[in-house]
Amino acid sequence: MQLQTMAAQKLSPAAPPADAAIAIDDVTLRFVTPDGHMMTAIRDFTMTVARGEFACVVGPTGCGKSTTLNLVTGLLRPTTGNVRVMGNPVTDISRDIGFVFQVDALFPWRSVIDNVAAGPLYRGTPKAEAYDKARDWIARVGLARFEKHYPHQLSGGMRKRVALAQTFINQPKILLMDEPFSALDMQTRTAMQDELLGLWSELKSSVVFVTHDLEEAVALADKVYVLTAGPGTVKSVYRIDLPRPRVMADIRYDPKFIEIAKVIWNDLREEVQLGQSRGLQTGH
Amino acid sequence: MQLQTMAAQKLSPAAPPADAAIAIDDVTLRFVTPDGHMMTAIRDFTMTVARGEFACVVGPTGCGKSTTLNLVTGLLRPTTGNVRVMGNPVTDISRDIGFVFQVDALFPWRSVIDNVAAGPLYRGTPKAEAYDKARDWIARVGLARFEKHYPHQLSGGMRKRVALAQTFINQPKILLMDEPFSALDMQTRTAMQDELLGLWSELKSSVVFVTHDLEEAVALADKVYVLTAGPGTVKSVYRIDLPRPRVMADIRYDPKFIEIAKVIWNDLREEVQLGQSRGLQTGH
Amino acid sequence: TGATAASAADKITIIVGGMEKQIYLPAVLTQQLGYFKDEGLDVELVNSRAGVEAENELLAGAVQGVVGFYDHTVDLQSKGKYIQSIVQFSQAPGEVELVSAKHPEIKSPADFKGATLGVTGLGSSTDFLTQYLAVRNGLKPGDYTLLPVGAGNTFIAAVKQDQIQAGMTTEPTIAQLLKTGEASVLVDMRTPEKTKEALGGDYPAASFYVQSSWVEGHKDEAQKLANAFVKTMKFIASHSAEEIADKMPKDYYAGNKDLYIQGLAGGKAMFTPDGRMPADGPETVLKVLSTFSKSLQGKQIDLSKTFTTEFVDAAK
Amino acid sequence: MTAISPAADKAATRETSIAIAEARARARLRRRHALVIGLRLAILVIFLGLWELGADYNIIDPFFFASPSGIFEQIWSWITEGTSQGPLWLQIYVTLEETFLGFVIGALGGIAAGIILGRNRLLADVFSIYIKIANSVPRVVLGSVFIIALGLGMASKVALAVVMVFFVVFANAFQGVREADRAMIANAQILGASPFQITRTVIIPSAMSWILASLHVSFGFALVGAVVGEFLGAKQGMGLLISTAQGAFNANGVFAAMIILAVMALVVEFIITRFENYVVKWRPAPFNEQGA
Amino acid sequence: MTAISPAADKAATRETSIAIAEARARARLRRRHALVIGLRLAILVIFLGLWELGADYNIIDPFFFASPSGIFEQIWSWITEGTSQGPLWLQIYVTLEETFLGFVIGALGGIAAGIILGRNRLLADVFSIYIKIANSVPRVVLGSVFIIALGLGMASKVALAVVMVFFVVFANAFQGVREADRAMIANAQILGASPFQITRTVIIPSAMSWILASLHVSFGFALVGAVVGEFLGAKQGMGLLISTAQGAFNANGVFAAMIILAVMALVVEFIITRFENYVVKWRPAPFNEQGA
C-alpha cells in the first residue's frame, strides 16, 4: 500500500472481506458479439464497498462501468467469479438497492408524481403517505410545478431529476448511480450532489457512483476506482480523505482537493489515451 | 452594445438580418399541459446565427434549449413568431440540417456501420462509397472495433458517438447539437470537440450547440446565448473573441478564457438560482 | 352436328348438395360406374353442403347442373328464375319424421302441440314438410315451434339433449338414431307408398336439374346426361343395397358400413326406377310449398316448366 | 396622454397574437373534422349510388347482390313489421348478447393467457405449440363440436365467439408482454415491485396498445363467431335471419342483416376507441401535432 | 524447475474457468431444451391417453368425439389407400395452395393498407370506418358471395382466406406504424430520408414485430378460410374431406383431417418463427439471459 498524498491513498485491490456491503470478487463477464464471438466486457474485476462507504467509479467510455453496476443489481450474471451484496450472493434482482439507470427508465404512462410514488407503493406504503412523500421529493428535485406532467412532457434534465427522486424516495441502503448528474446544469447538479450527500449521511448507505467528471468523483467519494479501458478491470483505487461534511460549492477550491484530483487525473489520462488508441487502431 | 471584456462582448438581441443562417424571430411556443392549460415553453425568443457562425446555448435545465433546436429543425412549430433557415421560413422538417438529438435516436435494428451509413444512403450515395465514408467516421469517433455491433450492445457513451458520426457524415451546412458530449469522458470529449471544430471550419457550417458546460461553450463558440429559466427567453448574448483555431486541450488555461467564463458564469448563476427557486417554490 | 363435336370436349360441372348423402347417391354412383365416360362426357362433381350455394352457382352460369331437391325449381320460378328437372332420382323425399324416445306420448303428428320440432333449416324442404304434416293433422302454425338444427351430428345431439322432441331428417342420421334407440320413426317418407299416405301424393325430391335456357342450347349433352343417370337408376333398381354400397367410395360409409347398407336398404325404394317424374308429384310439391312458403303466395306457377321427361323418354 | 410601459405593451401584443394563433388552430381542427366527415359521406354516397345504378341496369345482378333500395326496404319492413322470427330488436339483442359475452370471455382469456405465457418462458415454450394447433382448427367444424357438446342454446354461440376472439387477443397480448421495455421492468423490480405488481403496473400498460389493437379487430370476429353459430342452429338471432334469407333467395335480406351487423360493430368500435383514448392519454403526440 | 510467470498463470486459470463456465452454460441450455420437449410430449401423451381411455369407457362418446386410435387408423388408411376424393397428399396440396395464396395476398394487402393508412392521417380517418364495417361481415356469408362472384374454383377459397387474414394483419400493421418512435422518425427525416425511405427503413422495421405477431395467428386463419371455402363447395381439399366425413358420421375422419390441418399449420409456423428470428436478431435479449 503506497501512500500518494496526505489525502489520497492508492490501495491495492484485495479479496473483499465477508461483511462488505458490496463485494465483487474476481469477476469476468463476457458478451456474445454479433459475429458470434465472445467479447470480454470486464475481466478479473475485484471491488469492495464497505457499509456506509461512498465509492466513485471513473474510466473511459465503454470500459464496463454500467456493466459493473448491473452485476451488483443482479441484472447481469458474471461468467466467472462472484458478486455479494451485504454478504449474500446475488441471485435475483434485489429490492434493497436503489439504482439510477444511465438510460431513461421512467414509466411513460405515469405522471411525475405517480412515477416518484411508485417505489413506496410497491413496498406497501399507504397511498396517502406515499404521495405525501413523493410530493416532498419532487419538491426537493425542483419539479413541484410539474407533478402532473408525463415524462415526455419534460426536458431531459427534468426526467433525470424525476429518476433521482424515484430512487431516493426509497431510501435505499445500497445506492447505485450511473452518471446521474450529467444532464444537469452546474447549479442544479451542485444542489443534487448536496441532496445526495445529505441522504447518504442520514441513511449510512453504501454508494457506488459512476461519473465522467473526476472532480465530482473526488468531491463526493471516500474511494475512487479508476478502471482500465475495455475489457475493464480496476487499474487503481484511491482513498479520499477529505474531511466531511463536504460542501459541494466550496470543495473545489480546497488545495488538497486540487492535489488529489491532479494525481488521479494523471492516472486516468494514461488509461483513456490507451483506450482511445485501441479504439482508433483502425482509424486515421 | 455594451463592452464587457476584450474578448466577450455582450450583445443586445436585435431583429435578425434576412441572410442569417438561422433566424428565430420573436417566437413564443406553448404546450398543452396535462390539466388542459397552456404552458409557455419559450417566450419572445429571438436568436440569429450568421452563416459560418458557431453559437452555443446555455441555460438552466428545462428552460427551452431543446425546444429551440426543435423549432429550427421544423419538428415543432412556433405558436407565434417565425423561424427562418437560410432565409426561408421553416415549413417542413429540413434535410439540410444535421441534428444530434438529446435522446437516443439510433435505429436499433441497424448495426453501427448501418446506422452511420444511413445518411449518405438516404441521400443517394452509392453503397460502397457510403460504407467507406461510414467506416472512416466510425474510426474517427473511435469505434472501429464495434462496426458490427447493434446499439443495445454499446455503452451509453458509445451510442452517443455513433450518433455524432451519423450526423457528421452528412457534412451538414447547419449543425444542431443537443448536449452531444455530456455522456463522454473528458478525454474523448476533447477529441470530439476537436473533430467538431475541424468539421466546422472545413465546411463553414453554422452551428448551434447546447451544453450545460459553460467552459465548453466558451471554448467552442463565437457567440454564447444565455437563456432565462423557463419560460425561456434570451437573457444575454456574448460574443467570444478568442482567436481561432482553438486547441481544446489548452484553451482552458488561457487567462482570457478564464475571464470570459467567469463573467458569463456570474450571469448564468443568477438565472439558474432564479429557476431553482421557482421550481422549488412549493418545496422545502 | 357441329354443336356435338364442340361440346363433346367440354367439361360439365355438376354440384351435388352433399355427395355422401344417400338421397343424392345416384350422382356419385353414376361416376363410379363410369356411365358418364361411357356417354363420352367429361363430368366433374363438386360438393356443396348448402343448397342455396348450388342454385346460385347454377343461375350464375358457373356450373351446368345441380343434384338437389326438386322443390327448388318451383321456388325459383316464383322469383323469375327458370330451372327444370331433367332426371328425377326419387319419388319420395327420403325424409323421416323421427320422434325422440323420451317422448312416447307423441304418437302422430297430431300430438305435436307444444313440441319443438327439428328441421335442417328454416325455409328448407324439411321445414315445409314438417309444417304440412302438422297442418294435415289438424294443427295450426304456432301450435308447435320449429328449430333449425342442421343435419347429422347436430341433429342427433339436439335429440339427445331433448332440445327437439321430434324432427325431420334423412339417412344416415335416421339409421344412426334408430340403432341407438334414441328415436323411432313417426312418419316414414322413404317409400312412395308411405309418402302418399303422409302427404296425399307422390313427393318428388332428389333430382338433377339445369337452367331451362341451358337445355335449349345443349340438347345433346342433356340427352347424354339423362342416358347416364337413367342407366344408374336401373342399376339401383336391379341391385341390392350391399352391391350398391360396394360401388361407393369407402369414406362414405367409413363410420359404419352395416349401418350404411341398412339405411340404403330401407330407403332404396324412394328412387325412381327410370328417372321419370311421377305424374302427380309436382302438384303435391306445389301444394306443400304454397301452404307455407311466403315467396310462393300469390304467385302463378307453371309446373310444366319445372321439369321435362323429354330426355328420360328418349333414353335407351 | 396615457403612458403605457413598453413591457406591458409587449406582453399585451403577445397575448393577442397568441389568442389569434390559437383561434386559428381551433378553426383548422374544425375544418379538418368537417372534411373527414364530408369525405366519408361522399364515399358512402358514391358507393351506394354506383351499386344502385349497377343494380338498375342489371350490371350487378340484384338477385345475387341485392340493391341499396331493396336493402333499405327490407330493413324498413323488418323494423315496422318485424321479422319472421319476431321483432328485429330481439334478433339484434340476442346476437349482441352472445357476441358480447364471447368477446369479453375471449378477450379476458386471451389477455390472461398472453400475459401468463409472455411472462413465463417455460410455459410459453411448452404451451404455445398447442395454442398454434388449436388456432388451425376450422371454426365451422368447431361450431358443430360445440353444438354437440354445449347444445343449441346460447352457450355454443358464445363458445364460437370466444374461439374467434381468443387467438387474436392472445397473440397480441403475448407479443406485447414480450416487447415491454427491459429497462423499465428492471427499474420496477429494483423499486420493489413484486412479479404481480410488475405485471399490473409495467407489463399491462406497455402491452396495452397491443391489446387494444387486437380488441379493435376482434369484436368484429366475435360477431362473426356468434353469427356462424346461429347459422348452424338457433331459434333467434341475426345469423338465423341471414340463413333464412339465404334459403329464400332473398339477397336484400342477407345484405340488410349484414348492414345491421356492421352498425352494431361500429357502435362497439366507437366505445372501444373512447376507452382507448382514455387509456393511452399519456402518449406523446407525433411531432408537428403537439404545439398549440 | 520451470519458472511460470504469475501473470500467465493467472490468465491461464481465467481461461480455464471461463471455459468451464461456458460449458456449464451450454449444458444448461441443452437440459432446458430437453425439458421443454419432454414436457410437450408428456402433455401430448397424457392428453391422448385420457382421450383414448375416455373413449374406451365411453365417457367421451367416440361417435361424436372420435378416439386417438381411430383417428390414427383413419390417417393411416388415407395414407395407404387414399381418400374417396383421391390421394391424401393431393387434398393437402390443394388446401395448402389456397391457404398459402390467401395468406400471402391477405398479409401483403394488410401490411400495405396498414402502412398507407398508418402513415396518412386523413386516409386513416376516412377509410378506417369502412374497414371496420368490412370486418364485421360474417365470413360464411362472404363465402357465398365469393362463390357467386368468383365461382367454385380456387379463387373463392383464396378470397375467403384473404379476408380472414387481411383484417388481423391490417390492424396490427396499422398500430405498429403508429407506434414507431417519433424521435427515430425525426432522425431519419433529418438524415435525409424521403417519406418512402422512412417507411422502408424506419416504419417497417419498427412495425415488424407487430406484423409478425399477426402473421403467427393469421396463417391459422387462412387455413380456416380455405377450409370453410371448401366446405361451401369444392371438389378437392381438406375441407371437403371433413365435410364428407361429417356427413358420413365419421368422427375419426373429421378429427383426422383436423390433425392434418394442425400439422400443416405447425410446419408453416415453424417457418415463420425462423423468419422472425432472422428478422429481429438485432433485438436485445431480456436481462439475465444475455451474459454468456
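So that you can tell them apart, the chains are marked A, B, C, D and E in the order they are listed, and the count of residues begins at 1 in each.
Note that contacts are C-beta pairs under 8 Å (C-beta built on N, C-alpha and C of every residue); 3 or more make two chains touch, one makes a residue touch a chain.
None of these values were measured; they are calculated from a predicted model.
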item	value
Chain E and chain C - chains in contact with each	D
Centroid-based (C-alpha) most distant chain relative to chain A	C
Mean-CA-position distance for chain E and chain A (Å)	45
Length of the line joining the C-alpha centres of chain D and chain E, rounded to whole Å	22
Inter-centroid spacing, chain C versus chain A (mean Cα positions, whole Å)	85
Multi-partner residues of chain C (at least 2 other chains)	50, 52, 56, 60, 152-153, 156-157
Per-residue overlap in chain B, given as positions that touch at least 2 other chains	31, 75, 93, 103-104, 111, 150, 153
Contacts with two or more other chains, residues of chain E listed in rising order	64, 144, 148, 186, 231, 246, 284, 287
Touching pairs among all chains present in the structure	A-B, A-D, A-E, B-D, B-E, C-D, C-E, D-E
Residue ranges of chain D touching chain E (in the complex, touch as defined)	32, 35-36, 39-40, 43, 64-65, 122, 125-127, 129-130, 132-133, 135-141, 144-145, 148-149, 167-168, 170-172, 174-175, 179, 182, 185-186, 209-210, 212-214, 216-217, 219-221, 223-224, 227-228, 231, 239, 242, 246, 254, 258, 261-262, 264-266, 269, 284, 286-287
Partner chain E, residues of chain A touching it in the complex	28-32, 38, 43-44, 70, 74-80, 93
Chain D - residues contacting chain A, complex	181, 183-184, 186-194, 197, 201-202, 205-206, 208, 280, 282-284
Residues of chain E touching chain C in the complex	64, 74, 77, 81, 83-85, 144, 147-148, 151-152, 231-235, 240-241, 243-253
Of chain E, residues touching chain A in the complex	10, 14, 17-18, 20-22, 287-288, 290-292
